[in-house]
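Consider the two complexes below, in which subunit A is the common component and subunit B and subunit C are the respective partners.
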Partner chain A sequence: MNQQPFVRIFTAPATLCAVGFLAAMAAVLQYSLRAYVPGSLDPGGLTLANFADLLKPLYARVFLDTVVVCAMTAVVTLIVGYPLAYALVRVEQPILRSILLVIVVTPLFLGEVVRTYAWIIVLGNNGFINSLLMSLGLIGKPLQLMFTSFGVVVALVHVTLPVMVIMLAAGLSHIDRDYPRAAESLGAGPIRVFLTVTLPLSLPGVVAGTTTAFAWTFSAFATPQLIGGGRVNMISNLVYQLGFSSFNFPFAATLCVAGLALTALVLGLLRLASRPLRKIEVH
Partner chain B sequence: MTPRSTYQKVLGWIGLLTVFVIVAFLILPAAVVTIAAFNDKPILSFPPQTWSWRWFGRALAYEDFRQGFFNGLIVTTWSSTIALCVGGMFAFVIDRYEFPLKSAIEGILISPLVIPHFTVGLGFLILAAQVGLSRGFAIVVICHVILVLPFVLRSVYVSLRNLDQSYEHAASSLGAGPLRVLATVTLPLLLPGLVSGWLFAAILSFNEFTASLFVTSQRTQTLPVAMYNYVREFADPSMAALSVMYIVGTAALIAFANAFLGLGKVLNIEQSH
Partner chain C sequence: MKPSANLEGEQAAVHFDVVSKRFDDVVALNDVTLGIGRSEFVTLLGPSGCGKTTLLKLAAGFLGPDGGSISIEGKRVNDIPTYQRGIGMMFQNYALFPHMSVAENVAYGLKTRRVPRAERDKRVADALALVKLMGMENRKPRQLSGGQQQRVALARALVINPTVLLLDEPFSALDKSLRSSMQVELREIQRKLGLTTIFVTHDQGEALSMSDRMAVMSEGRIRQLGSPVDVYRSPADPFVASFVGDNNRLRGQLVSIQAEQAIVALGDALVQVPGERLSGLEKSAAVDLFVRPEQFRIVAPGEPCVIKGSVVAQIYQGGHVDLQIECSGSVGDRLLVRSPGEQAVLRWPMGAPVGVAIQADRCSVFPAA
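Then we have the complex of A and B:
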């Protein structure tokens, strides 16, 4: 049967979307190479000056901060997410499993603004944590949790946790349960079974989860903006500020291009580092 | 009781406690927001001295929230429906046929998953200015279609993979034309995947914030953008009340989707036996 009756009609709208998206990305690339004309919304002539400006300490600093925040978030999310993913895969009771699944998945769909707002209430000076600690008499004056990298990372971990758990759970659920059972029957204790069988077999999921967590954190805007309050700046905040406060769209576009290059680099390195893992991937 | 089983029990309890703490961390913000929403005072304080429902009324009456909600409905309905049609058709042809540029188009359409939303938003903002498109609903809908397409593609593709093609072969061997097979056999069998793909897309679109901040204007701002602007200007519990409604609504939708479609299958985390 070599009929392809729908191919052309069915691919046309998707091709149109792909072209539109490429055009938008090309627009960013094109703006990144144009000069900024103060006071005008239209860009000037072609230039590489924007990319040279990236090396200024102010901007290099934001790049470094962004990478540090993303890396910390990815690692903490991995550590916190693993036990939860393990529980999600292993829980047998359907009701408990559904409850756990809804608790894990709901935050994924809540959007960044609602979740960030909730964390402001938890972390603020009159917020939940400070009020609790003060009424217990543990601290005399409120701890500074807002406007710190600590606060930003805590909130970002909460934002990325659902994706991490889903990716880890996908990896864990595809491990044939006969492997750990075989190790058990040969006399290995539960910790040994976990460390030598389950954990190595779940590494592809770990790589996928960490990669996605990094990319998602990189994309975060509301969390660093509202909880960082200008004291913790990420590339996203700088892009918005440049675009909508100083209307310097060319430099905002340059930051986007540099950000994309940086993400590609980090993801590429992660992929390279995980290459030996392909061998143990379960089919 | 042997020592080994005591040891395993202790390990089990430690594991349970760990999971409990993590679940508490996940729920904490939602719980705290709920308490804050019922605080009668206009400023934040824990625990609230007096309780009231009044912030719920204020949130529902606030003009920007109302407009954001209805704008969101317009954008979500259009973008998730368009994404379902475009993505559904394309998932069908990538599952069944080989054609030129197949993997290139697929790659481009999947890439918004790893491209930061602020970059996508900025791109469409500039593009709209370049082609002379005003900042109306069209550009917001186009931007959202691109952002939710990867999820629709995946959802439909997974159900196509699980589809037993022998039904289609049976229908065509009995003389049904390709269009008739598609409409009367393939589509009905795909329905759960299409519904979950649409739902996925709709929830994501309704909640999308960063790209929307770039491409919406005062007139077209969606609910998350209106909420963001509110948080930056005011500190009263109206936003907490709205958040509670949001959380309850979303959790109900997810529970519904789980009961009828089986989230575990959609997310590919069912234990294999």
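Then we have the complex of A and C:
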């Protein structure tokens, strides 16, 4: 095995990173088990009290809100992303394909903060949507779009869309074109071909995309911070408030651990639910 | 070369009328005309890129022609989508729906036709019985062997009583022994049901053994259309001669031509060959003789022969022996000679000097390319 030394050299940086991450995680875990000493940056003795505090309605509420916002974002992203991914895979003209790809991928390069600011301009009381609706005479006073879950979800969908589309397109492009052709030869029109063949065969991609979108939004910070403006709180925002306004590092760490555990739990459940799909071999 | 013995539009189950198709700058089909009779098994044979698959896809409706018209059962189908053509198709990789059971796969075409449940179940059972797959109804495709998957694909295509069965290299994924038994079985079923069938393959052996008629294609044209025996015995041009069956190409010189017979010089020897494809050729023009391996006979040195050489390879095939003869002179470098009976192995050992005689009246002769 003379490739062994190379394997070691190539994996060394990754191993180094992993060790760093593990150390950081261990530090967070350690903090989560320490008591908070008000007025001090140093934590107190070992305790499980932080985890008991999680059950307080105030904090449980934030967890619930986070899960709801993430679930809504994942579902809406899927609904918006699927047609885009489908078009990306099936469109044959190279120019149209490139345009689609640019539309889908450019948001990735803009960064979350920039995209979120753009949404503030669109969603604000004097923003694009309200101005348009008012000048059309459809509404008398501005709709409240900023500082609502709706606004947060809309902005998060935009943030998550590229990842969703890329994962769905990967799934769709693995479907051999002979499957829809076979269905067509058997008398199925375009809608039936899609519903009975293409859609079921793309479900592994749907599961992958949805889980990724869910996990991706679970740690969202800038978007709920800017568009939620304190009225829509997600876990990251709570961690920020506790850690950097109250300097309650132990409880902030506890929230991180709990958030991580919750994400793992939800992803695990989704994986379990999608187990039958993994038996679909699409070549 | 114009394809002969073509069926006219009315009699044909499937008729391609001066059909052309191009992909960007590449001409895939160049004014192809082909009629396929009812219950006929027609093979489209050719190397990859010859247009055979394009022709099949045009019949299926997966592609539209750039020119000409296609009709099925006398009805022009150019603008009719695949799902309204009533075809049955078998794909190279079978394309069985992986998320459906065997029974669901077979039932698919009946569901799209809104066949009532009871009748559907019966027809699915009948179709699975026809391909000998009873008891497999609830399996998923991935739980089946390659041969069984192919049977499901066949049942799925047959159960809808298609007007025409389209086969896209369906045997290429099977191992050799399974392939030949499936070929026989498919042909039996096709005969029994009287199904009009278009079969695409690049395997000339498959084409020879299965077809009623075969169309040999190259570069978007049909080079020859005829029964396997016709195509094998009298190929229409050098391409067909070298593509279908084993053939040896010998370079010779035209000495004289009279009516149907021509005299050709092969090195020092003169042979009398059929001359119908040499008309108008100048004397002493170069010609190519295509001689099948079984049209040679090996003789001991000293006996009258056309070519002299020595044995360089023996390929024992059980029932017969293939010998490779390296020959001196300008005629050709290596000849493949098929000798019936296994005694040839002992009679003509490696390195032995031999003479080769030609059954010249049955070989094909064309002006040299």
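Things to note:
One rule holds for everything that comes next: the second predicted complex is superposed on the first by the 273 of 283 C-alpha atoms of A that agree within 3 Å, B and C clash if a C-alpha of one lies under 4 Å from a C-alpha of the other, contacts with A are read in each partner's own complex, and residues count from 1 in each chain.
Methods note: a residue touches a chain if its C-beta (ideal position, glycine included) is under 8 Å from a C-beta of that chain, and two chains touch if they have at least 3 such contacts.
Fair warning: this is a prediction, and the values are worked out from it, not measured in the lab.
Upon superposition of the two complexes on subunit A, no clash is found between subunit B and subunit C, which fit side by side.
In the superposed pair of complexes, A:S131 makes contact with subunit B only, with no contact to subunit C.
When the shared chain is aligned, subunit B comes close enough to touch A:A87, but subunit C does not. By the touch criterion defined above, A:P200 lies against subunit C but remains apart from subunit B after alignment on the C-alpha atoms of chain A. Measured by the number of subunit A residues touched, the leading partner among subunit B and subunit C is B. When both complexes are overlaid on chain A, the residue A:A27 reaches subunit B alone and has no touch with subunit C.
Once the two complexes are laid over each other on the shared chain, residue contacts for A:G187 go to subunit C alone; subunit B is not touched. Computed from Cα centres after superposition, the angle at subunit A between subunit B and subunit C reads 80 degrees (steps of 10). Legend: residue contacts after superposition of the two complexes on their common chain; A:D176 is shown touching both subunit B and subunit C. Contact with subunit B, but none with subunit C, is seen for A:T106 once the two complexes are overlaid on the shared chain.
Once both structures are overlaid on their shared chain A, subunit B and subunit C have a minimum Cα-Cα separation of 7 Å.
Within subunit A, the residues touching subunit B in one complex and subunit C in the other are 176, 189.
Of all residues in subunit A, only 176, 178-179, 181-189, 192, 196-197, 200-201, 279-283 touch subunit C in the complex they form. Residues of subunit B touching subunit A in their complex: 4, 7-8, 11, 15, 18-19, 22-23, 25-30, 32-33, 35-36, 43-47, 85-87, 89-90, 92-93, 97, 99, 101, 104-105, 108-109, 111-120, 122-127, 129-130, 142, 145-146, 149, 178-179, 182, 203-204, 207-210, 213-214, 224, 227-228, 231-232, 239-240, 243, 246-247, 250-251, 253-255, 258-259, 263-264, 267-273.
Every residue of subunit A that touches subunit B in the complex is listed here, in rising order: 3-7, 9-11, 13-15, 17-18, 20-25, 27-28, 31, 41, 80, 83-84, 86-90, 97-98, 100-107, 109-122, 124, 126-128, 131-132, 158, 161, 166, 169-170, 172-174, 176-177, 189-191, 212, 215, 218-222, 226, 235-236, 239-240, 243, 249, 252-253, 256, 259-260, 263, 267. Chain contact summary for the complex, subunit C toward subunit A: residues 60-62, 81-89, 91-93, 95-99, 108-109, 112-113, 140, 142, 156-157, 160, 166.
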